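Next come two complexes built around chain A: one with chain B, the other with chain C.
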Partner chain A sequence: MAEDITLENVTQEQFDAAEAVLVDLTRAAYPSLDLRRGTVLRDLLIRPAASVYALNTDRLTELQNKMSLVTLSTDETADPSDVDAILANFGVERNTGNKATGPVMVRVDAARDYVLAENFRFITLDGLVFLTTRPYTVRLDPDTTAGDIQLYRSDDGTYYYFVIDLIAETEGAQYSISQGTALDAGNTLFGFVAGEAYSDFSGGVDEESIQEVLARLPAAVSYRALESRTSIDAKLREYFEDTAVRIQSISSQGYGDRTQLRDKHNPMGTAVGSRVDVYMRTFTSPNVVTLQKTGTLVAPNTYQFEIAADEAPGFYAIRSISEIESSVSPELAFGSIPAIGSYPFLDVRDGQDLEYTFHDIDPDNAVIETAFSVFQKSTVTVQEVPQSTSTHVFKVELYTTGGLLDIQTYLDMDAVRNVEGDYIARCPLICLVGVDVRAYYDIRYPVDAEQMQLNLYNYINSRSFTRRLTRS
Partner chain B sequence: MAQHIPYKVDYSGRQVDIELLQSIARPVELQQVTVSSVTQMAKIVTGIQKLVQRYASLILQIIETTHFDQENGSELVRMLMAGVIQNRGRLQNAFAISNNQVVRQLRKDDAQEEVYGTMPEDEQLDNAQLLDYDIDFARSTVYLRIRITSRAGDSLEFIVPTTAPR
Partner chain C sequence: MALQGTIRDASGAIHSLQGDSLDLESVADPQVLLAPETAVFAAELASIHVEAVAE
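This part shows the complex of A and B:
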């Protein structure tokens, strides 16, 4: 703030400049005044005024800088609260980041009850801290009505394990750790052997930079109603600011767009408008939701289970299906889903509860028209499972966009939705990219491989919605 | 030593300052000047009186104590207050150092003609000479009698009033 600037902040150069200006101005008006060093006029008239003038000039410069988002964006020492103050003039708030969440598999040495308090700490080797969000009681015979967690015995019987949810201690993308990342217990847990990320952690978002705010400012200051693409963007961002749903980008498909099929439900197949599909990207890297599903044996070595609409709302794809204690860690197999290490499976989508919704969805074309929405369910057939027991528990990982159900609920509110409109929120179609880089460099100038990876990662994830994929 | 003020000088068009040493202009042979603050009865000075006033102000100002003007002043009062002047010889030496500092600053400003215009010769310092000096340890005072000579050739003597606490 300007009042923080004192004379101690004024430099000699600033004072000299102010003094020269005052001498010039005073002498222009009163040329008979002698203002040289040592004169009384200089000491009484010029010097105190120059101090104040320099101080005010400094304050004005700082104020001027703080009034411009462009200037602030180039100032690495800028105070984020100054940015927020300007954005408040437009009724806009900067996203302050989001905490990553994910499950941890904790290995323990014996079959006994384990109790973890709320905010029990787990720490990675890099020092990232994660906390439990509630107290957990882990038992071999859990009382699920009381929220107890199941303690499992490993296949070879050498250890026991359980899976609980964690949340990052602070906001930031660096907390989106990969599956298999080692986690040590930060508090005492008797019998603790080891911990690891059971699935990729997701939802960690850095504080929004000034450049990012500038990019979305046109939408943020626009008219807020579910009408134009810009105003839909603005209204949704405004509502979900400071919530766990961090909207990164939105693509609205409506009247005249080739991907809009729901407005052609008439004998002529003519588009009539008023149907909008809102694709929401609420992640920088795709969220991974991990489910434990019990499959029923439907054929030798083949199990089947259903993923209901509310279990992973609008999920895009199944990343892997594996044994419950497995870690399918390779990120990508260059274009192949499922990931290496997964059982082969068949994923058949369909609509769910269409009779209870007012949304215009053709039941005969439900697979397409409910795709990646909260009205989608899936029947999954898992093949080549070694066991043939009547039921089998699987670990299922799915790529999703977080908060889709919340967004659909908001769009359906009577006070929000356009009375002439029909809006369905959908998970965007994700292009999963694997990059294999071989860098040749002079040994005197080593390459920062981690930074290179991060730059590639950030570049790819910043592409967002594109009409056509290119090789570059 | 008597002051040497010409009887007739045309001061019209001169740059003026406010009178700080209120007794300089009195046409007496020897005058102990007093430094006073500006009052409602402030007068203006110019010519050699202004030169003497600037000199006195600078030599009494402790160097490196003025915010944003560390070169302003001299070492004289600092040395007096630090108690390093134990005899007349040291006092003479202190004056020589301080006088050199003041003369350098005056000439630096006097040379800025593009800002202040050409300076009349009776306002430009030619030299400052220590005529007499003494230390009164009983009263914690020093006595400096200085003759300021301008480039016009006129000169004026004054006594610097200082008290050096020990």
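This part shows the complex of A and C:
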């Protein structure tokens, strides 16, 4: 704050300038006064007043700087609370970041009960700390009603393992660690052998920068109602500010838009409006959710299970299906969604619980009209599984957009939705991109291939809804 | 530099794109919700291969 500036902060140059101004002003009004250095008037009148003048000038400059977001954005020493104070004038709050979450696979040496207290620590080699969010009791014969976790025996019988959820100790994107990242136990766990990220951790977000706030300010201060694209964007961003749902971009498809199919449910097939599909990108890099699903044998080496609407709401595609303790490469084979190392499978979608919703969804076209929404379910048939036991547990990785159920619940609130409106939130279709680059360089000017890879990764994942991705 | 893209439409069909640029309009089909206004580009780090070759 400007009041924090005291006389001690006033420099000699500022004081000299203030003194010169006061001398000039006084001489202009009273030319006969003797204001030379060492005189009584100079020492008792001008110099004390110059101190106060210099102090107020300094405070005024500071205040002017803190009244401008543009100025603050260029000041590396700016206090975030000053930015928040200005944003409060617009009813906008800066996102303060989110903590990454994800599952860890813990390998242990024997079949015994394991108890982990809440806030049990796991640490990466880089020193990133993750905590358990609740106490866990792990058993071979778990009491699932009491929240116990299943202890599994490895295929070769050399160790046992279990999977539990972790949350990052603090906010930040660096906590979105990759699948397979080693995690050591930060507290004592008898029998602990090793730990590793069971799938990619997601949701870790850095504190919003001033530049990012400036970019979204036009939408943030717009009229708040679910009517225009801008206001839908603004209302959703406002509501989910400071939550785990980090909205990256939104595309609303309504009356007259070619992908709006739900407003043509009449014999003429003409659009009648009032139906809106809201595609929400709440991820930067592809967001992956991991499920453990028990399949039932339906044919030799073939299992089937269902992914219900509430298990991975609105998931886009299945990234991989593998053995429960496997780590599948995130690399995709060109022209195929399952990652390399996945079992082949069939993913058949349909609508779920359509009779209980007021949303206008054609049951005869439910596969399309519920696609990527919280009203879809999937029946998955996994093929070429070596085993043929009656049931089999699989690790299933799904591409999702986080928070879709929360978003749909919000859009359905009576106090929020337009009384004539019918809004369905959807995960965007994700064009999964692969890039091959060969960079030739002069040996005197080496190329940082890792940095180039990271730059490409960040560039592709920062795109909004756009038609083209070009190599330029 | 070669770009490849794979996208699944609402019917479950997989579409592939390849070349100097990936144009979602080239595979657009509104009846299965596939269009630039419903789709985004995204990449996993492991799907980006950069090879630096000294000359």
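In this text, the second predicted complex is superposed on the first by the 434 of 472 C-alpha atoms of A that agree within 3 Å, B and C clash if a C-alpha of one lies under 4 Å from a C-alpha of the other, contacts with A are read in each partner's own complex, and residues count from 1 in each chain.
Please note the rule applied: contacts are C-beta pairs under 8 Å (C-beta built on N, C-alpha and C of every residue); 3 or more make two chains touch, one makes a residue touch a chain.
Keep in mind that this is a model prediction, so the values were computed, not measured.
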{"item": "First (chain B), second (chain C), both or neither touched by A:A17", "value": "neither"}
{"item": "Greater residue coverage of chain A in the superposed arrangement, chain B or chain C", "value": "C"}
{"item": "Partner chain in contact with A:A182 - chain B first, chain C second, else both or neither", "value": "neither"}
{"item": "First, second, both or neither for A:D34, with chain B first and chain C second", "value": "first"}
{"item": "First, second, both or neither for A:L44, with chain B first and chain C second", "value": "first"}
{"item": "Partner chain in contact with A:L7 - chain B first, chain C second, else both or neither", "value": "first"}
{"item": "Chain B and chain C footprints on chain A, overlapping residues", "value": "none"}
{"item": "Complex contacts: residues of chain C adjacent to chain A", "value": "1-12, 14, 16-18, 20-25, 30-55"}
{"item": "Complex contacts: residues of chain A adjacent to chain C", "value": "178, 249, 251, 253, 257-259, 261, 277, 279, 281, 283-286, 316-317, 329-332, 334-337, 347-349, 367-368, 371-372, 426, 428-443, 446-450, 452-454, 456-457, 460-461, 463-471"}
{"item": "Chain B residues touching chain A - in the complex, by the definition given at the top", "value": "13-20, 38, 46, 50, 53-55, 57-58, 66-69, 72, 105-106, 108-110, 112, 115-116"}
{"item": "Chain A residues touching chain B - in the complex, by the definition given at the top", "value": "7, 10, 12, 15-16, 19, 23-24, 27, 31-41, 43-44, 47, 50-51"}
